[in-house]
Amino acid sequence: MNPVNYLYLAALLFTIGAAGVLIRRNAIVVFMCIELMLNACNLALVAFSRMHGNLDGQIIAFFTMVVAAAEVVVGLAIIVSLFRSRHSASVDDASLMKL
Amino acid sequence: MSFPLLTATAALPALGAIATAAVPAGRRTAAKWLALLVSLGTLVLAAVIAVRFEPGGDRYQLTESHAWIADFGVRYELGVDGIAVALIALTAVLIPVIILAGWHDADPLETDSQRWRPTQGFFALILSVEAMVILSFEATDVFLFYILFEAMLIPMYFLIGGFGDRAAPARQGAAATGGGEENAAAQRSYAAVKFLLYNLAGGLIMLAAVIGLYVVAGNFSLTEIAEARANGTLEMATNTERLLFLGFFFAFAVKAPLWPLHTWLPNAMGESTAPVAVLITAVVDKVGTFAMLRFCLGLFPEASEWATPVILALALISIVYGALLAVGQRDIKRLIAYASISHFGFIIMGIFAMTTQGQAGATLYMVNHGISTAALMLVAGFLISRRGSRLIADYGGVQKVAPILAGTFLIGGLATLSLPGLAPFVSEFLVLVGTFARYPVVGVIATLGIVLAALYTLVLYQRTMTGPVKEEVRTLPDLRLRELVVVTPLIALLIFLGVYPKPLTDIVNPAVEHTMSDVQKKDPQPEVEAAK
Amino acid sequence: MSALAAATSTGEAVQFWVLGTVAVVGALCTILMKKAVHSALCLAATMIILAVFYLANGAYFLGVVQIVVYTGAIMMLFLFVVMLVGVTAADSLKETLKGQRWLAALCGIGFGVLLVAGIGHASLGPGSFIGLGEANAAGNVDGLAALIFTKYVFAFEITGALLITAVVGAMVLTHRERTERARTQRELAEQRVREGKHLPPLPAPGVYARHNAVDIAGLLPDGTPSELTVNKTLRARGQIRDVSREALNDLKALERRSEERLGRDRDALDRDGRRDGQEAQR
Amino acid sequence: MDNAENLIALLVAAPLLGAAVLLVGGRRLDRTGHWIGTALAAVSFVVAVVLFADMLGRPGDDRTLYQHLFSWIPVGGFQADIAFQLDQLSMTFVLLITGVGSLIHLYSVGYMEHDERRRRFFGYLNLFLAAMLLLVLADNYLLLYVGWEGVGLASYLLIGFWQHKPSAATAAKKAFLVNRVGDMGLSIAIMLMFTTFGTFAFGPVLGATGETSEGTLTALGLLLLLAACGKSAQVPLQSWLGDAMEGPTPVSALIHAATMVTAGVYLITRSGAIFNAAPDAQLAVVTVGAVTLLFGAIVGCAKDDIKKALAGSTMSQIGYMILAAGLGPIGYAFAIMHLVTHGFFKAGLFLGAGSVMHGMNDEVDMRKYGGLRKYMPITFVTFGLGYLAIIGFPGLSGFFSKDKIIEAAFAKGGTEGWILGGAALLGAAITAFYMTRVMLMTFFGEKRWQPDDKGELPHPHESPRTMTIPMIVLAFGSVFAGGLFSWHESFVKWLEPVTSFEHGHSPLSAATVTTATVAVMVLGVALAYLQYGRRPVPVTPPRGSLLTRAARRDLLQDDFNHVVLVRGGEHLTRSLVYVDHSLVDGVVNGTAASFGGLSGRLRKLQNGYARTYAVTMFGGTAVLIAATLLMRAV
């Protein structure tokens, strides 16, 4: 098997995650989709790491995880406080950016 | 290193502006006096420039040069020729007059909140405009000039939009709907935005041309580029030169303003207070015509010659069209604005006639038009502030109740129609002679302008000042001492420069000869001598 | 392990195809499940599979971290939030934005195709894989550590700062500041006495044989519901169920059914019963 | 006197000083202002007499004085100087202007006695004197132009002196505007001189006419004629003069009869060298002169307003002068001679008319006069002498000067000569008719006085001495000037060094012409007597013939102006205002509005839903990737 298939898999997962972000309204699910996209990236990085024979790709994937953790913490906090004030976790309800 | 006189002349009003803005809210009178003193100090410095300037000396004198943005060859380069000296003197004379004329224009209304400090702002803005205008007359670096040319718009925008004519809402129907004040505010902000958009559009096109010039020439120094062009080390492709010329000219034509880019001027002048209107037309707009003479002709002589027929045609249209529209106006200030458009047509015509008389005349015209329009506009402003209306139809018989006001108004009007003996005649005739010498037909058609000028001026005077005294104007007071102090120096200058313009021509002539040699033109020979 | 090289073994191929399929299905379920809890579980499954793939690719440390951090911590955090927001809340999958789904599909497919095309275009043959044999020679964790504490030490320090910031941020976001001192029990009691409005404890909500719920108001002796018996919050949200009429109607219906069954005084009852029935229907 | 030329500037300076003092001085000069003004006018006259005496003391070809004050506008080849030239022609004018001017100052002291703005009036009069003297003393065309416009300004101020009357303000504006049209001609002429000769000083320009093409000279001549038409109220720019009678009567006498309106004659005579070399231009000049002399005369016949009748007469008499000036060297001297005699008798007539109005509560309608000779004897006598002078009664001033012009017109030769001479003769007859009409309606017949606005009947009385003395002096001039000038052709010889002179060769003998002139004069008087002396004059004007009605309206020339120029101009400006607002501004505002509309549409894309933005971002990323791939593929 060609290890490139990992990359194809990563691309597929990433696309699915992106589509999820676009079609789901529940902020939590949207957030999960973002995590999925990050994971897909990580998979690609790991595969690249193997491809190039050095560990820098894994380091970057590692950092991505750290950042993802931080992001999840803050993001979920935001969702919680949003839910408190609006009693809803729908991203469509927060359409205050419109003029 | 001698004393940086040019920098000081611009820096004094700039510092004055900051100081005036910093005066506490309660000390309005102190702010006014501070502004007046600063402007008088600037006048003294301008006089020193005029004295130290040697007409027979180098082309650019009192030069200063410092590195500024070294990576792009931008330098802080100053220097004055005779034309710049004349215009700096004009600016320095007019600003104290404007400040004194606008003494009460920015007093806070009772409805204004205590924290809002309109008075300080008004005078600080005027001083900042003075600083930028003077520096733009001095700048010999294209980039420096461009920055000033654009930066001027900011204070002007606030002066037009923020300090409009409080006497405005006597328009028809405004009183009935009770929306007079809001209506006036809306028109004012329309005027300010229009002013800004027109000039910004011009400025952006100029920016492109400035960058283009840098790409072609490699630096921004007017003197270096002109020299390189003259001795052939800097060749420009014909089309490049023409495009660059158009970029510069467009910006200046908006500022000047030339038909059909003129429509911002009547709005801006109509909606702003009379002193600000004078500031627009007598001071700031002069930067446009000055820049045509210095940059368009100096940097792109061949393109200038290429564009001359079109520009002359536009100038001619401006002259006749502005005058005809002035005749049709019902609003005193708009009438004066259209008259100014007509006069700017003369100035541009003189510049592009490419004769000594035309260009010297155009330079004198800039100075004289500044003084005469200031006189007419400021007296009109005094009149309007008394009655609270800008409509000509609201006046009549003022001569009877306020003879001094009417007399000064008439003198301003006569100057506007270029009566011999007053300064504008000298310049207008020079422009006409200069144009006629090269383009007889253009000269003859432009002469129509003097008939139309008489028409709109006298119609204005007749409708406002003569005839039976209208009930509403019966109690108008005559000019007060402050207002007389404003008008008297202007009238004295009009008469002096009309009878003895030699001091001015002595300064301007060498500069004009330099410009003529830039464009490699010689005056046409008289027929009789040519025959010999 | 160190033999992990460019070429992949058949075992790995089998593993890839089986687990890869599961991962894709999990991902699809994540975005298609109605309930957030299901989505979270599906995602967790996908992540575990990814952890396996990391291991397969020689990223042993990452594989473990993936399980510990992602599936262990992050997904649990998700579940906690889902619980806070409400487990039962099922999303409607009906699209409300016009054209959104079409655009999303178009973009998604286009993007995917482009990515795949890009990867394919990059001409990465099996031979281009160098493999981690050399890099992992001293052990994967040692290799990573050597890099993290030398080349990437600065970035590593910054991630520390990032995490601290995130923690503080989460606290700030979810923490609710008291704007005034909380009143003590005593103060509240004294206030009640002072106002003299309702000294005894509030009555309990209605308690019936079939219902034992806080959202049903207790009935006063005349059969009308008492406002005092239900929680203020529920009242404000309008989530009170009014059962006062319901009970009477039920009683009436019961009576009628028993009458019918017993067949007594049909005519007279017909009138009444029909009238009552109509009322009940209303 | 050695340095007489230094006095020239004083001629101009004295009245200029007066104007400045009176206009700036303010109310504190109200009581003495008129005497200051009169005194300074008199100073000017005295200086003029001194210079005249000095000039007579020198030989004929060395009488020209030059004074160079300072360089005015030096720009390249364009060198304009403030410099004066006093020769015999200027001297004649200077004496006329200062002399008549001083008399009219004196007259105004009485006439304007009750006007609260009298100080200002004298300031304007002094300003006029200064400008007029500048006009005739200038040694170059540009300085002449300054004076030319200066008198226009003074005329504007004085016609509109009673500004509270809308008619006066309108008349003043009209006068200035029509004059400006003429001034356009003069300014273009100066430009043409500059491009042709490189200068516009009299000496070099007039000396170099031989070196330039006739086409240029014809153009110059026509432009100068246009200027002269404006200033001297000649057809087609004559319409302002009648309205100008709105000004106070001394103004009409000084400016609109004796001096300013004759500036056109001065200009043409001064530029004689140009016209001599341009026959086509000369033809235009004589045509204008002949047409105007008839036009003015016909208008004068129909007007009931005494001042407007006299204004028509002025127009007509200046027509004679222009005609004479257009005849070339055979006519210049006679043009100037008629100008001077006309200055005397027409000023006298106007002052007489002013005196009548003064006594008749400012009534100007002659139909409401009648029988005034008993009440105003001095006025009657002086007016009568002026009347006899203007109709050319043998022995009086007008006879000598007009007769010479008619003779010269015939001497033009050929068909032209006959036509011009005939027109001049006809004009003489009509002059006699309308002046007799004025005389009869005013001083003879029964009283037709009407109560004024306040219901009071006028009480005619003789005017105060300050008014009668000038009238008497002018009457002397009207009687004797002509004879004095014709004595041994003294006037012609005096002017000859400047204007050159040659005797015309008339197809008719001098005696024949004189006889004919007297005959038509008698005919005119007789006709007028038949119509106005024998029959009572109705107070309300009869309907009259078509020609009368047209003449009352200035032969419809004003109506033509109104319809074509005023209405047309109004429509033009109104449509231009519309164009400016809708088209020029509309294009800009339209662009702005379309941008506004576009952004309004685009704004709807910003619906606030984060997911929509996400789609956009995602799509954008896809496009970027596509572009990258494409670039790499290429």
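We just call them A, B, C and D in the order they show up, numbering each chain from 1.
Quick note on the criterion: a residue touches a chain if its C-beta (ideal position, glycine included) is under 8 Å from a C-beta of that chain, and two chains touch if they have at least 3 such contacts.
Quantities reported herein were computed from a predicted structural model and do not represent experimental measurements.
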Chain at the geometric heart of the assembly (C-alpha centres): B
Inter-centroid spacing, chain D versus chain A (mean Cα positions, whole Å): 95
Separation of mean Cα positions, chain B and chain A [Å, integer]: 62
Chain C-chain D separation of Cα centroids, rounded to whole Å: 102
Distance from chain C to chain B - Cα centre to Cα centre, in angstrom: 70
Interface hub residues of chain C, defined as touching at least two other chains: 97, 100, 103-104, 107-108, 111, 115
Two or more partner chains touched - positions in chain B: none
Multi-chain contact sites of chain A, meaning residues that touch two or more partners: 18, 22-23, 25, 92
Pairs of chains in contact (touch as defined earlier), listed by label: A-C, A-D, B-D, C-D
Residue numbers on chain A that touch chain C, as the complex places them: 1-9, 11-20, 22-26, 28-29, 31-33, 35-36, 39, 42-43, 46-47, 49-56, 58-59, 61-63, 65-74, 76-81, 83, 89, 92
Chain D contact footprint on chain B (complex, rising order): 197-198, 259-260, 262-263, 321, 324-325, 327-329, 355-357, 360-361, 397, 399-400, 407, 414, 419-421, 425-426, 429-430, 432-433, 436-437, 440, 443-444, 447-448, 450-451, 454-455, 458-459, 462, 465-469, 499-502, 505, 509, 512-513, 523-529, 531-532
Touch list for chain D against partner chain A, complex: 603, 606-611, 613-615, 618
Complex interface listing, chain C residues touching chain D: 97, 100, 103-104, 107-108, 110-111, 114-115, 117-118, 121
Interfacial residue positions of chain C with respect to chain A in the complex: 4, 6, 8, 10, 12-13, 16, 20, 23-24, 27-28, 30-31, 36, 39-40, 43, 46-47, 50, 53-54, 57-59, 61-62, 65-66, 69-70, 73-74, 77-78, 81-82, 84-85, 89, 91, 95-97, 100-101, 103-105, 107-109, 111-112, 115-116, 119, 124-126, 128-136, 140, 143-144, 147-148, 151-152, 155-156, 159, 162-163, 165-167, 169-171, 173-174
